[in-house]
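Letters A, B, C and D mark the chains in the order given here, with residues in each chain numbered from 1 onward.
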């Protein structure tokens, strides 16, 4: 469906009878053609989640009027809702350090059209990928981070993110811990790839921790960044089998394959509005 | 949800505007509390699929009246639909030969309450599991099959299935090819586990075929039986990694783990009315 | 190979030049036919590990003389070594509580000949599986555990394990924490299945912890028991994908599939002398 | 170990007593330090396979003398053997068409040092990746292929491969079927990634075939190219789960992730001399 222009409506609200009926009747009454629909009722928290993709051309109005009219449905149900238009590609700002595997993966997916975003810019605390990024005609910003310049550097990152009109910030193995200020400012907008199967091996050098513990699988976790380190809502995870023959260096190398795959998958869910936040957890409508 | 009595409505129909609205409005108008809902629109074939779980106690009527009333919704949309009641456990008839792993798995899941069915009976062309089955207080029927008695034996199987009021027939590594007559008589009711990753290695001795070809993963396939051997709609599949150190006997042993897991998973989808047929394919609402 | 009688030699020693040459020359000089051989050099710890399977009938002597003669090779290399004979099946004592899935799995594998052990006995703090076990003609011992009787109960477990001449004790979802005394007495002999992907979710109710954290995969870990809870050497692990639709009860049910598979796999490695201890880690020669 | 210079000895021979002893005694007698060793005895075909990594600096001679001396061991055992030197990086020639995911993956792995090869050149029947390749300072050769020019084009490919002193040719989603002449000329040197779980869906449009059959997992296969289409020895395979919501386009996109991972993994095994041919099968010493 992704090739056809569509609107995506996502919402959550207290669970009660009639939510689906209200929303689907609204869409049907305007002749809207639903191409994809997912619901989830959290039985414990009594909260309802929904995502609907509607063909843009099937509706008699644009997103502005849709929102205006839908407000009447949303209010009585106390919906927390949002409408996006696939014609408006999300603007991604990538932060990277010296490991290039996630960056290559993101640019390869973008170049082939498999990741339907605008890459607004790449920010790095190292210059190593400057020419590679620029060869793709994507702006590159070198923002070095040292203990002394940390605060100014993060100001610069925030400034650039705003100036580039970023919709989502992707930490593609960015080896710096963002300030709580940035994390708190963009909740649900900063996506990180952590190189462990969280909550195992929080913090630095997870592959060394995994090696020391003698686990038989290693993993990677794509999650939203919050001010609490490696504790944000998890979007996706995956693992790969290792054994006693694998040294830490092998773990690092295998890990790259999962890291980039999980990050790209998680980002794709995000940009297609498939991820709904739910406290510190996520509902991911695949 | 499975512990609470619920009705499950499954349907498919030509895709057009208003299906979800019609169904959900009907349910909402009777105060039905939807606990699970899934949709699927097949864009190519322009067909729409839906599954709804509604809390039984939230509705003012039983299944009989539900069906009567729903007919008015179903007809104009040309729905192919069905309503089931979780209080009516499906009756499973298991066919088995000499390999016991799938039988143990099914009985273990049933014994622990994880597989919510009635085991109406076990039919086998060997006596080896008679006492084991009977120990579980499940009727066991020994129906030997030889080249000469094949036809009579299958008559007996059909007779027993009817007499036991079977809802679903499970071939738990039953090493006989059922007659076309049985296959055609119970479409979408006979579930087989094939010990290969179909469509690879159709027919006999798939592990020997896999070994000879030198594949690096072997698999199992749970599918509905049709009169064309190993070609029915696939419900679920899985694979496991092997390597050059594994002889055919190892493949057979590893395979058992996937076979029983995939069969039980496929059967669970089936008895929870999560599998909708779609030509020779399935829509599985997990 | 498992169907032919063979001796399995396992050893570890400080790594230096000539270990393989010494061992393989010893075996070759007695015309020993090696059917499987694995080595591992731990580069960091400078320790060497080896496992050799030799056809029993190819050697001119029995295990007694093998050991006597091999001692001359082992000493200069400071080998920590062991020889086992496949004709001597290991005696397994199973401890179980109220969850039966691992017990069914073990008995099914044993019944089909896929798990080549003697089941010396089953000990349980509940009576629920007594008749099921006894139907298999395996002795069942009911040893209730309460806060007051704990100490006496564990004495009884140890007494039974010794009396049954157990070689390995399998905690097949035994819901009691063994005393440090038992753990310390049988190092590398007690195998547990923990229902999480350790080191995540140590301790009680791991599925509840996993649900609360919102992970996207859950796992199980087969490990040797030490007196430190859930911290012993890991033999094997596996995971299964979950999502937001899965409640804690679903996690528990899915988890059973991995638990029993991982436990049986880990136990098989153990009884085939494929697991060598290495500090708090394992070398597993698959 | 890969960072230290080492020699890798691979061999296969008729299985008999004393092979390991002979080889390991030879290495030990020259004080060779073995860092990795793997054996495999094919019981059915009575053939023995071996791979040994020896630290270069531990030996008193270079590869030339090693080979000369080893010949005396090899001959009586009728060994088919080879010695390689990790200091001599293998020269890879990549063939690519319009899909860039495998090319990006290979160059990313090479750029990060994870794939220790020389990329001797990239040959393509399209110009789309010319600048991207050249940006990496790798020679790019545009060799268009049409029905009429096919024969001349393949002559050119062979000429380039020879001129570039290629050790291995990688078909990184090269959408042309190589001539039997090329396939036969470089047995065990041409590595292809096929976008299905072979032997399922041989030939063109495997994702369309998979979609039509309704399988629940799709896969990719890395194999050596022989003159029989898609039938060469398999090096590695992997799969990914799909469901009814996935259209052919989704299959193609998911498939890319496995294709590039499996291809890179298979190529890594090959360049590290971990793959031994065995008729139409492979022994892969991981």
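As a convention for this text, a residue touches a chain if its C-beta (ideal position, glycine included) is under 8 Å from a C-beta of that chain, and two chains touch if they have at least 3 such contacts.
Everything numeric here is computed off the predicted structure, so don't read it as measured data.
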*asked:* Per the definition at the top, count C-beta pairs in contact and tell me whether B-C or A-C has more.
replied: A-C
_Suppose chain centres are the mean of their C-alpha atoms. Which chain sits farthest from chain D?_
B
*Interchain centroid distance [CA atoms averaged], chain B/chain C, Å*: 35
_Taking the mean of the CA coordinates per chain, how far is chain A from chain C in Å?_
41
*Of all residues in chain D, which are in touch with two or more distinct other chains?*
36, 43, 245, 286
*Which residues of chain A touch chain B in their complex?*
1, 17-18, 20-22, 24-25, 27-29, 31-39, 41, 43, 58
_If we count contacts the way the header does, which residues on chain B are in touch with chain D in the complex?_
40, 42-44, 197-201, 213-217, 219, 233-239, 243-245, 247, 278, 280-284, 286
_Residues of chain D touching chain A in the complex_ = 2-3, 36, 99-101, 104-105, 107-109, 111-112, 114, 131-132, 135, 245, 249, 253, 256-257, 261, 286
